[in-house]
Amino acid sequence: MFHHSSKLQYEVRVDTPDPQFAKFLQQAIGGVEGEIRVAMQYFFQAMGARGDAKYRDMLMMTATEELSHIEFLGHAVALNLEGAPVTVQEEAAKDPIVNAIMGGMNPRHILSSGLSAMPVNANGVPFDMSHVYATGNLAADMTANAMAEGSGRVLASRLYNMTDDAGMKDMLSFLIARDTMHQQQWLAVIEELGGMEAMLPIPNSTPEEHEATEHSYYFLNTSLDEPTPEGRWTKGKSLDGKAEFSVVSPPEPLGQKPDLGKARKHSGAQKEQM
Amino acid sequence: MFHHSSKLQYEVRVDTPDPQFAKFLQQAIGGVEGEIRVAMQYFFQAMGARGDAKYRDMLMMTATEELSHIEFLGHAVALNLEGAPVTVQEEAAKDPIVNAIMGGMNPRHILSSGLSAMPVNANGVPFDMSHVYATGNLAADMTANAMAEGSGRVLASRLYNMTDDAGMKDMLSFLIARDTMHQQQWLAVIEELGGMEAMLPIPNSTPEEHEATEHSYYFLNTSLDEPTPEGRWTKGKSLDGKAEFSVVSPPEPLGQKPDLGKARKHSGAQKEQM
Amino acid sequence: MFHHSSKLQYEVRVDTPDPQFAKFLQQAIGGVEGEIRVAMQYFFQAMGARGDAKYRDMLMMTATEELSHIEFLGHAVALNLEGAPVTVQEEAAKDPIVNAIMGGMNPRHILSSGLSAMPVNANGVPFDMSHVYATGNLAADMTANAMAEGSGRVLASRLYNMTDDAGMKDMLSFLIARDTMHQQQWLAVIEELGGMEAMLPIPNSTPEEHEATEHSYYFLNTSLDEPTPEGRWTKGKSLDGKAEFSVVSPPEPLGQKPDLGKARKHSGAQKEQM
Amino acid sequence: MFHHSSKLQYEVRVDTPDPQFAKFLQQAIGGVEGEIRVAMQYFFQAMGARGDAKYRDMLMMTATEELSHIEFLGHAVALNLEGAPVTVQEEAAKDPIVNAIMGGMNPRHILSSGLSAMPVNANGVPFDMSHVYATGNLAADMTANAMAEGSGRVLASRLYNMTDDAGMKDMLSFLIARDTMHQQQWLAVIEELGGMEAMLPIPNSTPEEHEATEHSYYFLNTSLDEPTPEGRWTKGKSLDGKAEFSVVSPPEPLGQKPDLGKARKHSGAQKEQM
Amino acid sequence: MFHHSSKLQYEVRVDTPDPQFAKFLQQAIGGVEGEIRVAMQYFFQAMGARGDAKYRDMLMMTATEELSHIEFLGHAVALNLEGAPVTVQEEAAKDPIVNAIMGGMNPRHILSSGLSAMPVNANGVPFDMSHVYATGNLAADMTANAMAEGSGRVLASRLYNMTDDAGMKDMLSFLIARDTMHQQQWLAVIEELGGMEAMLPIPNSTPEEHEATEHSYYFLNTSLDEPTPEGRWTKGKSLDGKAEFSVVSPPEPLGQKPDLGKARKHSGAQKEQM
Amino acid sequence: MFHHSSKLQYEVRVDTPDPQFAKFLQQAIGGVEGEIRVAMQYFFQAMGARGDAKYRDMLMMTATEELSHIEFLGHAVALNLEGAPVTVQEEAAKDPIVNAIMGGMNPRHILSSGLSAMPVNANGVPFDMSHVYATGNLAADMTANAMAEGSGRVLASRLYNMTDDAGMKDMLSFLIARDTMHQQQWLAVIEELGGMEAMLPIPNSTPEEHEATEHSYYFLNTSLDEPTPEGRWTKGKSLDGKAEFSVVSPPEPLGQKPDLGKARKHSGAQKEQM
């Protein structure tokens, strides 16, 4: 069960409201790299967690933290929208602070939300929940979480670079920090469970007889004119410790030329196909 | 530039067509765990790759392989739809092979595609390209790729369990194998570049002064009644080698109570809010 | 059956074409507050209406009116796009009237529609029909309609404030007026049927034994540090006339700690979860 | 800031797992009538609230409660999926309890989530955040909330009718009860602020000179052959107390026949249009 | 301006209600091959029509007809849902007429719409307006319309085959007939304007110097092992009458190997990419 | 099976990087008129092709070519983003070359992709695969392909007009040329199979007794005040050669007034509807 306390997890201060930066910040709320995604992803993973209960607890605790991130970012968007012009005649529209506003801001911040945050990204595209990855497999989920936090911290760093506002930089430095922790937190689960060698291949419960292992450890060079890019993946022991990496180049098709024959009567095809 | 040869990468054989399994297989084509996603993800990452060109080549080569996976899976869907009833009177509809068809199959396999594959998932929801993750950051992208292949192999294993058809099991055992390789391939890039310690936190180019590092290494227990789940993430050296993990419990709000004051004139609010 | 007459329901005059305002106007066509939504919502409600036929007739009549609103708004968008630059060399691009165009307008008004209206919102996001709410419950539908018209009039008022064009202001003043009527029209159905006391709770046909009525009339204060916000909802007779409002603070969890146990064999989980 | 406690808001008990009912329950999680929607809607309204702070507090408190509803519904979905077949050979598949499963359940509950809840509706369509209505106008938002709770209680009642499971009926009776309260809670705000007469038309801050009031109070009969459906909306004092309702029938077009003339050079039209 | 008359364009009779067929029929309402699409497509094309006004009139007249098609199909869906079980105990659920219902019908026809039509397709996916193609180019639009009617008639024919109900077959035979007319109607515009030779290439207003015409008339064989499929497109006069078709095989890349060099500082990439 | 060679199909040269034009170019990648669409459309049509195998080969060959178009356009986007500001302080931001950037470019080109192409359109809306039309009917598919190439060439021509960059104009002149070929290529299939008269109505395999042919050849004038727009579609032999075109004006409703009666008990309606 969820509870709420009235103060924000982190202080939000905007020295110079910037409606265009409000649009940019939306990516951290409703973008695929944003906080709605991680909040909901950890929440749904927690609800489906099976096995050692501590991972479920951990997921729910961090899901809860991410809800708090949405909250302070939402406040940051609203503060950046203070002073945005809501009428074309308004004096504010002539203020140099908001000079490039009408072209650069999200018009729905005026038209639809009345100067507050929306669950959309920096292009105004609403977040959709298909981005909530929760597979029921702990290692797949931890990788998905590391991915989300990796792209999240990339985004926070880019936002940091795109503002001069001291308050916003301070808030973003907190977000960058928490993303640092969260990246490592999920990867630490993998390390604790024995590391990648033990976890791979995901899922590690697939019986070996379900796998055509003769195809499991070669890099396939599908290029007609490029040499194989050599690296850790082309030779040496595989990361799951079960085989040696090799290379297949060029690839030989192993299948047939597909042929579906004629269309069936009543199937809605043209007569010429039948 | 792309080229095509006429045979499939792997042989597709369906001993007993099963229109319901055709619906399930769609998840491997147009689902978030599927082949359109990885083909397009590696393709877009390759097009945006900066730095050592071998990673770009590697991405493009595997993108090309994934296009071939779409192709043989598409053929598998069509073969499973052979014999599906296209008229209610048809004898096939009474055949025990297709007895549960009308309720369990995707009706659009009859109505829209004329008994062939579609770029949709097992619920008939079309794939959308927002799932193509390509950040311009090599480590974030490699993590995204490992995630995609992890969930992809989970899916392929589940599909393997959901069919009795020897031909389909054979094809899926190939897919499971290639997902084994691809998972490791992307993680091997990280290992080659110095491993997680060197890569983390992603992006590792963020200047330290952009980060409130006092918040970078603690696990936040946001629960009111659960003890902190102890693990690799609560103590010991952080995975990036820069600090020690710790715990903050319970959390103290660091921010203000948000207050946006009154609504502005002409902002479309109710008078009572002004 | 539908019919059409050649003149617009209301006159559209654009004194000074403004391609950026064309983008803003799109919200009134293809936004969630827009006319496609209400036209389709009333149309689908009418098609599913059961009970007194006069409500079906009323819905269909107003659906028909809303189609006419799309039509004059679509013309307004096209007129605002007159003079938008279609080549970078064009003299018009240097005209002060269109000076901020390229950054502020929707590029698809040039690239995709050839200077005419599209079924998208002010961010260029296409309208999707999931926003057509039609439940088969008259009171729920009337509330949904009042909601749509409420947000629609908020939007029309904001658009009115965002233009200086006398023609556009005139057209919007008509739209504001019709939204005034339509808001009341749907609420009048509720009043006619006995008012909120008779209608609530929606659906009023749910047998009382299907409801845990001991939980039906308290406001739940889920905050850890805020006093209950007192108001009409915390004391006095409930709006459905059946009970007294009260407050529960703080909430007591009534359920168990969830635990799904171990993952099943063959479920695609990691071995460590089984 | 958000917090979590480990027990569910309400007890979840499933006497006879039913994977098909798990699919139905998804509508209450990820449907437009569901809990993700209301949780996020109240949360975003709270973040954008201006005016008397008690409404913000109220919104945030109930947003927090709705998060807890997602949580117990998510658990209910997982419990209903216990025993669903994960291999075609599995004995469970022959159990009469799960006899109709493969055709009637959501295949992604096996393939994608590993037997747990997803943020999708009963058709497997992911929730998208465009359904989070938050306008910055208190009366419009309260109406949107009443709408959401109205359709939510309709859904909960229908789900109650679609199950025989005593545990599920008990849980749904709680949900029905809370929806009863929440419907009234939002309407009580309107009553407290002076009732509909004071609130209407929404927004009540639009200056009267922005409205063509001669068009604000008539019902438009757009039918060619139906008499005007008489009712509260055709005569008597308007609900905002400002005028008398009337009828216009048949409607007279007030606008011009639209004509965009010829296509411009370089606009991508056919020569024949220029 | 639109008007409505109370009778349906065509009679709808359902002899044996079939909730599963109701789901199938949804494809003709809210599918990409369906009536919402064509109604809205012709409507938006009409609103953007430039050039000879008769094409605009024609588009608007047929848009209006298509709205009437939505209407009778919506009624057909509702009639097919009569008798669907709304409680699990209901006697109707045991009726052989509705025996396969729960697995095969769209659960939202019970849960969300209360036994009536929805603006969704046969998978329950809502129609989205991105499928409304209106380019401002008459020939492109006519082709888009012929495409929509072609796939629409394919769908109607398949639906005809999927039902035994005499009433439904009668209604669908009308729909098939109207799709016959509408296909030809749009192609007749092209014929009237001089036929394909005059219309092609679309847009025929592109100045020849904007086109690298040396690449305009060869078929590119991108296969490594298949001979060129010979046909009308490999030799003879081009359809626009301007050149002879030829073949290029195998293709020679005309461009460079792409190389974006190193990542820029502050761009959010990894250090190793810089 | 697919293969790749390292050079682009066509040379990409950008003389003056223009981040706003990068946004425009996205329409040609991820727009409905773009290359992802045609690549995937031809690919899925090829996978479902039945009948003469040469059409399948042709489809797959051109699908392969379109993948190469995505590739060079993706490179063009990245080259146009060179020099876009990634920090607000950066000198580049003051360069006249990029002066209008921040308002006019897609912010996600900085925030999400790190200065490279994305699978989105010019509004930043991701491509979704519902636009991949593949019906299993050869004539319907060829029409869909002609439509896609028609709108594609309209787009390419408009993009050509919107840039002054010689390199971009050169690349677009190639794209315009290939779209010329591809339009004709698909229409040539229809010509080869006997032309429109033989192909129409699509599908030409629908038995005549499934069609109410008395409704197949009249244009329906649904306007109340406009004369029938006369043309090739109102008189003369129909394009399928089977009848004469005629006109029905005004239309007579052929159906009943719909009436669903009262709502059923337990259906979630209001009591007043029952």
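Per-chain numbering from 1; labels A, B, C, D, E and F assigned in written order.
The rule is simple: a contact is a pair of C-beta atoms (placed from the backbone, for glycine too) under 8 Å apart; a residue touches a chain by one contact, two chains touch by 3 or more.
The shown structure was predicted, so the numbers you read here are calculated from the model rather than taken from an experiment.
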| item | value |
| --- | --- |
| Equivalent interface positions on chain B and chain C, same or different at half | same |
| Angle (degrees, nearest 5) of the CA superposition of chain D onto chain E | 120 |
| Centre distance in Å when chain A and chain D are each reduced to the mean of their C-alpha atoms | 26 |
| Centre-to-centre distance between chain F and chain D (centres being mean Cα positions), rounded to whole Å | 33 |
| Mean-CA-position distance for chain D and chain C (Å) | 11 |
| Of all residues in chain F, the ones touching two or more other chains | 1-9, 32-33, 47-48, 50, 57, 60-61, 64-65, 68, 71, 75, 78, 86-87, 103-104, 112, 114-116, 120, 123-126, 128, 130, 135-137, 139, 154-155, 157-158, 161, 202-203, 205, 222-224, 226, 251, 253, 255, 258, 260, 263, 266-269 |
| Residues of chain C that touch chain D when the two form their complex | 3, 5-12, 32-33, 54-55, 57-58, 60-62, 64-65, 68, 71-72, 75, 78, 86-87, 90, 114-116, 125, 128, 130-131, 133, 135-137, 139-140, 143-144, 146-147, 149-151, 153-154, 157, 160, 169-170, 172-174, 176-181, 183-185, 187-189, 191-192, 196, 200-203, 205-206, 210-224, 226, 229-233, 238-240, 245, 251, 253-258, 260, 263-264, 266-269 |
| Chain F-facing residues of chain B, complex | 1-9, 30, 36, 40, 43-44, 47-48, 50, 57, 60-61, 63-65, 67-68, 70-71, 74-75, 78, 112-120, 126-130, 132, 134-137 |
| Residues of chain A defined as touching chain E within the complex | 154-155, 157-158, 161, 224, 266-268 |
| Sites on chain C touched by chain F in the complex | 1-7, 47-53, 86-89, 102-104, 106-108, 110-112, 114, 120, 123-126, 135-139, 193, 199, 202-205 |
| Chain F partner contacts - residues on chain A that touch it in the complex | 20, 23-24, 27, 31-33, 100, 103-104, 121-125, 154-155, 158-159, 161-164, 222-226, 250-251, 253, 255, 258-263, 265-274 |
